[in-house]
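Each of the next two complexes has chain A plus one other chain: chain B in the first, chain C in the second.
And then the complex of A and B:
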């Protein structure tokens, strides 16, 4: 009996165990891995992925988990890309950074408002309407940047990318701050409960007097804001914007948001889970780079890891039922 | 009189997508010089065979109640297996057979993870997409294309062979055998889905898995078959693609992934109740290939092509969704 409980406990925390094992593996293989500087660096490196992932997680929570009709936004990384190219182009043309950031935030939120309109008002399948949006934004990004790398040098961007406050890089501070705010919004405020209720059952939420269309719309608008924030960090980190950055990150952001479900008791997408998942992916990328594994292996390992971790938790979930 | 106007509304509602596609087709015929010639249309059609095959695979999986993100990887693996076998000196027939077998195995792995292990369709196919693409990168040492010096035999004819090839002054009409192959497979798929017990079971399993199982349908077998079909069709697409390019280019499949999702769902808007279906999917593929062709003929810059393509599809789907909502209100 007791053995069973222990094994159940082990299975339940398999996500964390996998994380721990991989940390130990890297520590043995590359001594530099566990240094304070590197660990803090990993947090900073995961910030773009994580913040963008929060936006998608919010949409997942509010949209339910149906495979086809469930909430999703395939345009989110392209939204980030457009915001990034807006910032880079405006800064490189000598506009003030504040104006560039405000424009980028506005653009991102308008894009997501269009997404929300198609999903909520027109009742289109989110998967479908956001794929169309993705095509459109791919073009917009290329038009804005002319498909060349746009350099964006600004003291404040350098400050975000290269400075450490109290021994922690500014990027990591921003990441942590956004994490705390999103945690408060989705896990502490009553708003978060309402979003979960809508995602759980739209009809039941409606019967309880929740304004379902508005709640779903807000999850998309929040995602727009998150995309813009991650765009600022992305431009700051590279001091430039490279066209195509959005296409590459879509699947990583989806991975982070889905994998977040593994780090929760009820196996639902959630903000703290997404935070841990983004660190997990950050550790993988960082660690494999440290021990000189070619980057094309990292994708295979990422894919295998998702399948292994997720299958363990799903088996566990089935047993619990 | 009243009855007639009612019928008109119904007609418009049922055929919104078709009418919009016709409007776009007409637009290109008028404004794009050289669009409405037999030569151009056959060229546009012949270039769409790979997308058609992948969309057919996607269609099966969507009917079974999922979405297959790994079609991109299956496409790549099909081409890779085939080209590697031919490079190693195997006969083309055997190489194509092996590629199809690889597709079947890929589909079996997907369905094993979904049905036996119980991972959600999205996560499974996302995972196999990652793994498949990295296998492509690992085998090609980071993504260098494999060029074949020449193609021969069945491998040549499957991608480059022509059924009709008329070259006269001004007119240049070619219909590739790959297009005929894809259309024949589409016809078979339509027959299987509409007229056979398996097809009806597959729809039932996709709509209400539990209810279908209670009614005695082996939903698991249906879903497995859908994924195996998807894997094999995508690998066939990969074989044809690499035969046309006389080479294998790794991680080239993502281009088709989103297009195939688009074609299947545009197709599903043509169905009365919004189910994915083969006829609609074929129309969706036609829509995509004519649009690419028309925009190229108009000389639109390729950045703008993305915007126009995405915007147009969005508009088609949005009008359709709007119509559907209005109709739902009216019949309530």
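And then the complex of A and C:
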């Protein structure tokens, strides 16, 4: 009995243990790793990934965890890319940054509204409908940018990318602020309970009077907002928009959203878990650079992590059933 | 079920241990001194006020003058990507040269992902190397992170990247590259004809210079026309993308006499498209001197006609030479040029010999 408890506890803590192990390893191998400057740097570097990951996590929570029919959005990073290109193109043509950001937010939310429509009203499988949207957005991004780098020089974007307030980069502040807000929305407010209920069992949620289509729709709309916020940070970081930026990040965003499940007692995607997972990925990339290990290792580790994560969560869920 | 849990927990431990063990061994082989690179004998010399390093016995690749040793120095090498021949050779030139001069190279590969590469460079700044050499990239994208390098007091050198923060940029003379390629192209056409231009990377300074020079020289050839709109080449899948775009172009605009590109990776696709369209009368001109493209130049059946061959390995070596001199307190020029060699269907045999390459017709 005691063995069983220890084993279950070990499983529950496996994500944290792995994180701790890696932190200790990097600290020993590279003393600079644990420096204050490096740690806040990791938070800032993880911001685009983390915020975009929150959007996808919300969809996972509300759409259920069925790999095929469950909630997902494969177009979310392309949505971010379109928002980023809108901002860069408008700023480069002399439009006010505020107008560019508002336009990007509107575009991102409209894109996710279309996704929600195909999933909720047309009952398309999210995996397929969002793949279609992904290709549409790839084309839109190329049309907007003409497939060339679009410079977006603006003092406010520069401030976001290159300024520290109270010793913490502005990008990290924004990341932390969005994290707190998303935590309140999904883990404290009653809205979060309804989203979890819909994701857990649609039928039970309906029986309890929850407006399931509306709740699912709102998770997509929130994802649109997250995509737009991450786009602002991405454009600030690059001081431009580079075509193809969205294509490269989809699997990382999916990784942190799925990996978040390991940092949860219920093995389900969740906002705090996604926050830790994005830092985990940031720590891996940063740490391996500090100890001069080729970045190709990070791919192998990410793959191993997904494998272990999916194995743990699958076994634990089966056990719960 | 308990057994399965234990197995999974063990699996997790084994995976993490194996990964970390693998990384340990890799990091030891990556650097000469086996430490983490956050060390020692650096700092006070970073601003080029070094007290003079020991002679390495190595002569500069461009000027043949002595190059100081890099013994005890850690040099960061940040490359945008290594998937193109130019990138890989220039990168290899830097790594080999640093080791030849007794230094330790710390390298990051951006894999053509700007966001990743900016993070790589930020992480490299944390390591506080004695100097950083940044290879290629869009000037707008990398200017802020190059400022960060400069603000951190780390001397910055660049390869094919012009920046106000770079102490010395090692490159081909791209003004000469653009001018000579253009002049040869216009002369080959008899001063008259229609030219299609791939211009996807004007923001990359070296490509911008080549393009501007090509247009500048055209002022002396009033009967040269450029097809509008210009074509946009891409990084990912460059050859296949260029093949499709060229086929579309030849359908829409059959009266093309020549095609110009600022680099030569897409040329394989462009030449293939001309072959498919039965247009071996078209002449293709580009820059770089990739071995695959030089083989096309040597092939009498191919439309690939002229290529301004750079010497990327030497360009990489030259960046390290100037870095070593600067760290030893010597004055260095703001730009160091490596001579390009024009290769076409007429001179290719002698030209590739001059480049030290072996290209065969077979």
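Quick notes on this structure:
As a working rule, the second predicted complex is superposed on the first by the 299 of 321 C-alpha atoms of A that agree within 3 Å, B and C clash if a C-alpha of one lies under 4 Å from a C-alpha of the other, contacts with A are read in each partner's own complex, and residues count from 1 in each chain.
We take it that a residue touches a chain if its C-beta (ideal position, glycine included) is under 8 Å from a C-beta of that chain, and two chains touch if they have at least 3 such contacts.
Treat the numbers as computed from the prediction; the structure is a model and nothing was measured.
Once chain A is used to superpose the two complexes, chain B occupies space next to chain C without a clash. Taking Cα centres throughout, chain A sits at the apex of an angle toward chain B and chain C that amounts to 70 degrees, reported as a multiple of 10.
In the superposed model, C is the one of chain B and chain C that contacts more residues of chain A.
In the superposed model, A:272 makes contact with neither chain B nor chain C.
After overlaying the two complexes on the shared chain, residue contacts for A:200 are found with neither chain B nor chain C. After overlaying the two complexes on the shared chain, residue contacts for A:38 are found with chain C alone; chain B is out of touch. In the superposed model, A:64 lies in contact with neither chain B nor chain C.
Looking at the shared chain after the overlay, A:213 reaches neither chain B nor chain C.
Of the two partner chains placed by superposition, only chain B is touched by A:134; chain C is not.
Judged by the touch definition given at the top, the superposed model places A:288 against chain C, while chain B stays out of reach.
Once both complexes are placed on a shared chain A, the shortest Cα to Cα gap between chain B and chain C comes to 5 Å. Taken together, the two structures place residues 147, 294, 297, 300-301, 304, 307, 311, 315 of chain A in contact with chain B in one case and with chain C in the other.
Chain A meets chain C in the complex at residues 3-4, 7-8, 10-11, 14, 17-18, 21-22, 25, 29-32, 35, 37-38, 41, 45, 48, 146-149, 151, 153, 158, 161-162, 234, 237-240, 242-245, 248-249, 285-286, 288-295, 297, 300-301, 304, 307-308, 311-312, 315, 319.
Across the complex, chain C meets chain A through its residues 1-2, 4-6, 8-9, 11-12, 15-16, 19-20, 22-24, 26-27, 30-31, 36-38, 106-109, 111, 113-116, 118-120, 122-124, 126-128, 138, 140-141, 143-144, 147-148, 200-203, 232, 234-236.
On the side of chain B, the complex with chain A involves touching residues 62, 65-67, 113, 117-124, 126-135, 137-138, 142-143, 258, 261-262, 265, 302-311, 313-314, 317-318, 321-322, 324-325. Residue ranges on chain A touching chain B, taken from their complex, read 65, 67-68, 74, 118, 122-125, 127-129, 131-140, 142-143, 147, 251, 254-255, 258, 294, 296-304, 306-307, 310-311, 314-315, 317-318.
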